């Protein structure tokens, strides 16, 4: 199945759940979905299109919103599901009931962006250190790190 | 499944010369394009700062020493250098002002000794202006 | 009665910091908890502050074993964003290095697996022969580990005839040696006894937990980015995807050895068919806005970079997903109901590259005496309980 | 005079000093062979051919800081290495290298000394277990439990195999057993199977690969030794080096015909035969990978014990034939 | 006399502990490569030890990450005196490419005292041996 055929099929199948489908390169499909539909679309893709493998979930800080891209891949095509959630209320539904392997990536999103993933079986921090101050999310664009002064042992500078 | 499948190989090596290179006493050959430590050929440098800009590890620092004489100071922090040779690639002059030598045994107990610095004069393209370079050139570290 | 054993962050089986907290009953593991973060370095944030060229070297230093795979994955993506077409000779050299890296990584892994099982001779011999491929890589790129051969638009160093001959010669020796190691690995009873039937991961779990690379292929799930999404030169080369269906550590050894043999084949093809021409094209400093998903088959599995550009000379976002991270849920699954003695092997079987997985993110060594104190009576009770309900392991008998 | 002789006997030869020198030499030999089997050089630059390497290790550890962990049982923790060393050195005195005189049995050669040696060689295992236990580290604890589990595996086959030459020689005295086989060297061949079983069992007793489970580096860090440092570790290492010498000496006495020919020639026999046994042990170490604790026990009971019993049967049948 | 003996034995038998505090693996595999037949550091009596209690020399690789800092100090404290630290690779010296990342404390010397620096990214096995030899020469 070529990419164009697949797009037609997806459009007919998913209807208004998908806002737009872009195909910037061969084998790369970008689908835009509303955050409320993410589980429904994932389930549909999982059941009907054999999209069982989640490569990763990327988060991007766009200023007012957080953009989340789910990268799925099948032997034929890569599906990239894109959704946006407002920064003021960063709630996201977990897709772990459909794909259990998503857990690490969703925990990472929580750590790095401060999104709140609802329905995560194990919401502890994943990557940040134990003594990390709360409410600091390193991958947000407005979070800046000030470097500690480097002291080279041995006296003279 | 065989018992002691490895036995012949082991016994064969018992009487063979070991594969070991007796390192500090016999040196290993490094290949001819080996990326050792970077150094600056002060005569060629035009202070374009391309190397400083592209260095991934902040290992190169160029600072002005004397604005009037156009004297500059370049410090290469060997303790930060990742030996990627991007500074050589970025260097726009021909022949290149930046070079890599083949040194790698530069372990030391003092990080300050790993800085190498050069003081050089910005080469002006007219040849006569390049005269006062010699007394300032050369590694001072 | 169960007590907790902390493995890592400083533990001889793991050369890298990660913390596994094992709840064990006697010798049997009942629960595992992974704590990452000891190796978290904050690379994704840092990448947003460096320019496109600096990022090649930054990304390369995500991992020392698969350094070239991260760099290639990144460079591939950026080249797509820049709409550059690297010359064919450059591409061939780039993917030749990536296959040589796969060889070095798999030989290293074979040795490490031997070491974890206490089979030190095996370790010494594989690592001795690994020096051959290290020498080749050093000859091509000028450094033993971080090759730094990629640049935007091609590669930085060319190959000459002498080097081509040396590579071919090296491949012949290595192929002979690999076949020998395969023979040893499959025949030494104590070694096979340690790895057969250990760390079972059925195919449905592989799919559910999104495992990648040899871990997935050893369970019969033939996914290989080189085959299903052939990037650059792989479409025109002849190779097969190695699989096994034993779902255990033995299967993973078999898959890796098979992949070694495939890689020798690929290297020979690439050296023989090396096209003439330039090795690189000039790349602009700035990238127009856009986004790209770049996939690459690293020695450990699928490596995926998501790059977003915003029109400046720095990326807007660089997301790196290394194969090891994807394999963690599967590892936890494999460790359950295993023996303490299996921990290093199972963990080694995914060929963990913790630095990759955490990029910018560790298990805890209890070091000494500060962990739980177990009483004699408890131990006795444990021992009794273990003998009463020790789980029966498939193939766990001495296979003489 | 007798006091001085006894003192010399205990302290110099064949007591501590000799055992120290010879066991360090054996460790060097073991390490060197192991390295050469792996196509490496092994210790080279300490003394001539690296001969002084184990001695350097020993003195370095003696000069290091000695840490006793807070949580440990301090008295037990401190005293165990010394007891261990005393026990194996005592076992060393009983070998028939230095008391070959059959007619004049001294204090250290008596009927039944073979049993005493065997038990003295078992004691370090128990001491190791206690040492692991008293350090209260989780890794040590697991190591300690493994030590005991393994003891159940290899001890019976070892005893059974050593029993069969003794039965054939009809004696419980090491010197007499050796003398019996020196008179009839052909009978040694009948014990070949027993010898192999005993080598494997000794390997397990010494906790070397494939049986280095109690201190398996990659699994449980230092295992039993995790908390030991400095002098105590040095003494433990020495204990195990001496145990290596004594066990190989015991095997040489029982299975390789002892050490005939008086003080000098007998001593040469001793060196050659123990080194041969140690070579076999090194080979075994290089040849295999570490096995799991459950595999040790099942291997010992499924293969080693039946073979040992078979050997015993052969010995008994043969004895019937001979008489 | 005793001091001389202790010094000699210390030079001749340095046991190392490999401490990875967030390195990229490159230096680590080069340290392991130094144990293998080509370089074989056992020639100098160097053994890789598993527990800090047995070690004399800590070979540290990688920039010190924030999470790892307390563990590094703990491991350093567990090594019995006299102890030495060798920082291998650019990251362990200064943080190299990771300088300025939020989770990095800088080089190992920002956390524990370091006796010898071995540059390189990664340091070649020869360079590591060279560093160890230079350290031993200083004793």
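When the chains are written out, they are named A, B, C, D and E in that same order, and each has its own residue count from 1.
Operating definition for what follows: a residue touches a chain if its C-beta (ideal position, glycine included) is under 8 Å from a C-beta of that chain, and two chains touch if they have at least 3 such contacts.
Remember, it's a predicted structure, so these values are computed and weren't measured experimentally.
The chains in contact with chain B as well as with chain D are C, E. The minimum number of touch steps separating chain A from chain D is 2.
Ranked by how far their CA centres sit from the centre of chain C, the chains are topped by D.
Judged by contacting C-beta pairs, the busier of the interfaces A-E and C-E is C-E. At the far end from chain A, in terms of centres built from Cα atoms, lies D.
Note on chain placement: the centre of chain A and the centre of chain C lie 24 Å apart, centres being C-alpha means.
Rounded to whole angstrom units, the spacing between the C-alpha centres of chain A and chain B is 42.
Here the CA centre of chain B is 30 Å from the CA centre of chain C. Shown for chain E are the residues in touch with two or more other chains, namely 36-38, 40, 43, 50, 53, 65, 67, 78, 94, 96-97, 99-103, 109, 121, 124. For chain B, the set of residues touching two or more other chains reads 6, 10, 18-20, 22, 56-57, 82-84, 110-111. Residue positions of chain C touching 2 or more other chains: 12, 37, 40, 42, 45, 54, 57-58, 61, 121-122, 124-125, 128, 143, 146, 188, 360-361, 365, 368, 400. Under the contact rule stated at the top, the pairs of chains that touch are A-B, A-C, A-E, B-C, B-D, B-E, C-D, C-E, D-E. Considering their complex, residues 31, 35, 38-46, 50, 52-53, 55-60, 62-67, 217-218, 221-222, 225-230, 233 of chain D touch chain E. Within the complex formed with chain E, the chain C residues making contact are 9-10, 12, 15-17, 37-43, 45-46, 49, 54, 57-58, 61-65, 67, 108, 111, 123-125, 127-128, 130-131, 134, 143-146, 353, 355, 360-362, 364-365, 367-368. Interface of chain C with chain B (complex): residues 50-51, 53-58, 60-61, 121-122, 125, 128, 138-139, 141-143, 146, 148, 151, 156-157, 180, 183-184, 187-189, 192, 399-400. On the side of chain D, the complex with chain C involves touching residues 37-40, 69-72, 133, 135-139, 141-142, 145, 209-210, 212-213, 216-221, 226-227, 286-295, 298-299, 302-303. Listed in rising order, the residues of chain E touching chain B in the complex are 37-40, 43, 90, 93-97, 99-100, 107, 109, 115-121, 123-124, 126-127, 129-131, 133-135, 138.
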